[in-house]
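Two complexes, one shared chain (chain A), two partners (chain B, chain C).
Showing the complex of A and B:
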């Protein structure tokens, strides 16, 4: 059990570290917060007005007390107020998050749906032409950044098919599922492309490992059909590294959405971060970065715990 | 060293990778020396948006600047940022990982938890946060990418260093009275070169990708310095009239990353016999 306990104990510690890091980095931004918030209008304020504003935002306090106020606020879901949207940061985040979540999930489904079968195919045809083709494609895919794929997709769609992928609009899945899935299809392909390539490579190499295991040989010896050996006996074990990869990658998908949302002009969390940074809305930067890091940590924790549940060797601490 | 290069050259993907890296370094060097087909910043207003031709091999952009010359400078810029950031990340990560493993106990816990905090951010987000603080630019890109990859190097070094520390030859060296510095550099560090070499090559691929991504967002290298990511981003509005503005930067970015990925994979095959037949 020690591994699980250790993991659960360090989780809040790391979260605390993340919150301190985010908070401190925002405070390191040169210039004072009020000038940053109001821009040139800050020059028109009297010192009294400035002091009143500072008191209102609590930035007249020493840094540690600002931090503790902010930190305690986190537990009540209070991430501060966004200066560009004039709304609570959490409200803005929750408006934007469904798109990014759906985009990441679709990218993941696409990547696993393409990557696992290709990897298994390549492993069962080890060193034959189809294996080589898959390997070359996977290597190319892994070397293609999402922004290259995204721009290429837009180019091919618009020049050869005369269609423009839905940009800037988004229908929530609860309103019209088909329209929603359709709008996010190409962005999800863009986001999941490189991930599909790494899933292919991992499932291929892990399948090759498993196929040389004794129990697979036993299954073959007792006369199980080749199909059943690969899909029923070998695949479940071969998928363990894929599960780990997917967990880690999911967090990166949330981050990678920054670029994809920018290309397809989608109003998601990634664009929110970018807008917050370019428009110097520090409460929003602070809130969104913390939100994404928190999700990333939670997903990783869940993957680790799921992994422990799947693999008794880790649970018993004999890793 | 020459042995590893020989083995890399024998390895099918290693050879392709080395060739690409060599080509890119040559192009970058020519670019730095000013030996581009045209001056990269000069605007040939008469030849705006012309397609690939004998004079402009890869066409010109909206301002009449030669795409190929700009790509050569862009490669130089990308390579500079990638090598500088990975060098810093390797240095910092190795020192942190080595000390964490060597000192153990509380030091190990504190240092590695700090690394975990940095790893809790998706790479691009951490880079964006750093850019928000310092403001975009070449130096910021180097710093941001270096900080993003430091924890990865710390982990890569700490694991093997922990097991090396337990080995008999380290105990033996200590009984001989070797200084800590000697043991750390001679016995630990030298044995870590293999896993580090693989990680460095793969990190270079990632650094190229991140750099291009940041400049694609407009938060990396600032104009007028040419950068691959920004060239690609700017091509988006002109892709119907001037597809060459998009195709060439896209291929340049892909091929560069591919070169380092191929070399890294080949290095792993060569240096780590366990994975020899596994990796594609």
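Showing the complex of A and C:
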């Protein structure tokens, strides 16, 4: 328990570092909210007009005073107001987050549901043709970029099946579960494809290790069925590297899948950050990055706790 | 045994596919136009917004005093008639008695006056203000008459008024400070909802003075990837779409259920030279570059053939035969001779900047120019930038050369006054001014006879091409695509989507 408390205490420090970094770096890029809104027409403005707009966007103050104002707001749960959406940043993020969470979970389910069985299958048939087929598929999956798969899926669906997944807006699972799952199915497949390939490879190699362990031989010698040796004795131990991989990957997914959201026109966190950066909505960039960093920390903590559950020999924090 | 597991997974996948298929079947709305575009509006204040997609949305909601028809003639909108005084220093409008805001209130001369005063107020931060600086005072003798008193003869101001940046908004909304948060106009549609970067819902304004409309409303989806827009059209899930990428647009005619609308736009692709930097400060070097460039080849290889060679003036009423302009046929011998005369027989190295994806063909244009200029010994380094970074660099005039797509105007005066006169706002970008261009520009502003204006601007264009501060290359097309069930759309060179008001859906 003290381990969890210790970890939680480091959160504010890490988030402070992230906030300073993102605050400064977004301001270091040339261009601001004024050029983002007006493009080259910004050059037609008189100095007074420019000043009026800078005041409107809150970028007329010195950077340190912008930061201190924003930082103090954080303690009141106020991440500022987005200039694109004219709404509080936190509200905008929480509107987008359900999609990203659901998409990440679906991609995880697909990746683990396909990857783990394939990895186990390949490991138990080591060096036989089916192992080779799985390994080639995994290699292919890992090396194909997601935009190729996404565009290909949309193309095939529209040309051969005369339909495309619903695009533009998102139907939340609470409103219409089937429409929601249907809309995210193909994006999740796209996202889960490469992920499933990594899971397959990791679970295969980890399974091969475990299968040569003494206790597996003991289990076999005692007459346990091949099925039970693989799935009940070997698999739980072989899963630890898979959990590590999934944890890191899930953390990334929660930050939004920019490319897949762009291709399938899904309003998730990835596109939110992208639009915020291209339109120089500073408050929104800062808030979203902070939110994503926080999620990443939480997921990592959960992964560490999952080790303990999978392998009671692991003791966290004790040296 | 393991195969049983895999089969279950496959069955699960198949089921999920089947489910998603049913979930995706959309109900048909006979009279609602389902539309898509890749870039969304960035705001709702018609006086402040300058982004292409913002203007396209706001044109459906607000109205200016006058608008342009597809031949770029000025036609009535809120004003039913107008008249210049003989000295072009007074412009009088009569308002259409049928024009009403969607809250039911009449559009009066007080609204017109308040709108223009807001536009001219520096605190409003309207970029279009620079087009209306000649307005000295506005009089409203009665509810239906507005008189603009001008400080100088200003004929092009009428065309400048034909944009949504000069929209008439209710005086009451200005007083309430709600322009930009509510979109209350007198246009063909009302904006029911807007989720930025996702979706807009508009419904037909049944009281619209220009009505009636054949559709009940429009839903606009923002699909950032244009190949997804094409797929949605192909699948019949949207009726109508705006396309930017010529490579996507050229695929539309291959589809049996689709139709492409293509119209040459006013915007122009240009290679901007920076005459404040050596060796581009040398007229002969600039002319050599102009002679070395093969404009048609750039169109063929970088724009997939989608474009037309143009001089500085892109509007049909003013454009002249490009063969009358300096070196519009590639002439490498002349180019090499000019380089040698200028003392650069061995060429030089320069950096050319461009914006990623804006236009979509920018980087391929830069590459073709790179290979063409290599013929006369000029080595181009291409530097592509994110759009905002590019805009910032461009406005500061901080480049040797730039591959740009600049917006056009229906009249040459507002189009080039900003760049090529001594007090132009963007002279820092062009870094070029010239007494002859200056005086021609002034004559063109004051001349009321259309034929004489054409003559003046032809001389202006010839001088500009000969001085070669920039190398004008081509105009590109604006594209919309639609299902064959959609009819009546009228495309316009200004890129406006106002032609939607003529659309009917079978």
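Rule of thumb we're sticking to: the second predicted complex is superposed on the first by the 249 of 319 C-alpha atoms of A that agree within 3 Å, B and C clash if a C-alpha of one lies under 4 Å from a C-alpha of the other, contacts with A are read in each partner's own complex, and residues count from 1 in each chain.
In this section, contacts are C-beta pairs under 8 Å (C-beta built on N, C-alpha and C of every residue); 3 or more make two chains touch, one makes a residue touch a chain.
All figures in this text were calculated on a predicted structure; none of them were measured in a lab.
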Problem - First (chain B), second (chain C), both or neither touched by A:296 - result: first
Handout entry: First (chain B), second (chain C), both or neither touched by A:60
Key = neither
Practice task
Have a look at where A:29 lands relative to chain B and chain C in the superposition and call it first, second, both or neither.
Solution key: both
Exercise for the section: Go through the superposed model and pick first if A:46 touches only chain B, second if only chain C, both, or neither. Expected result: second
Handout entry: Which superposed partner A:262 touches (first chain B, second chain C, both, neither)
Key = both
Problem - Touched partner set for A:159, first chain B, second chain C, both or neither - result: both
Problem - Intersection of the chain A residues that touch chain B with those that touch chain C - result: 29, 151, 154-155, 158-159, 262-263, 280
Completion exercise
Listed in rising order, chain A residues that touch chain C in their complex are 29-32, 35-46, 48-50, 52-53, 56, 84-86, 113-114, 117, 120-121, 124, 151, 154-155, 157-159, 161-169, 176, 178-179, 181-183, 185-186, 227, 262-265, 267, 271, 275, 278-280
Completion exercise
The residues of chain B that touch chain A in their complex are 13, 113-114, 116-118, 120-125, 128-133, 205, 209, 212-213, 216-217, 219, 229, 232-233, 235-236, 239-240, 243, 246, 250, 253-255, 257-258, 261-262, 265, 275, 277-280
Completion exercise
Within the complex, chain B is touched by chain A residues 10, 13-15, 17-18, 21-22, 25-26, 28-29, 122, 135, 138-140, 142-148, 151-152, 154-155, 158-159, 201, 204-205, 208-209, 251-252, 254-256, 258-259, 262-263, 273-274, 277, 280, 285, 289, 292-293, 296-297
Fill in the blank from the handout: Contacts from chain C onto chain A in the complex sit at residues 1-2, 5-6, 9, 12, 16-17, 19-26, 36, 42-43, 48-51, 122-130, 181, 195-199, 221-225, 227-228, 230-232, 234-237, 386-389, 391-395, 406-407, 418, 425-426, 428-429
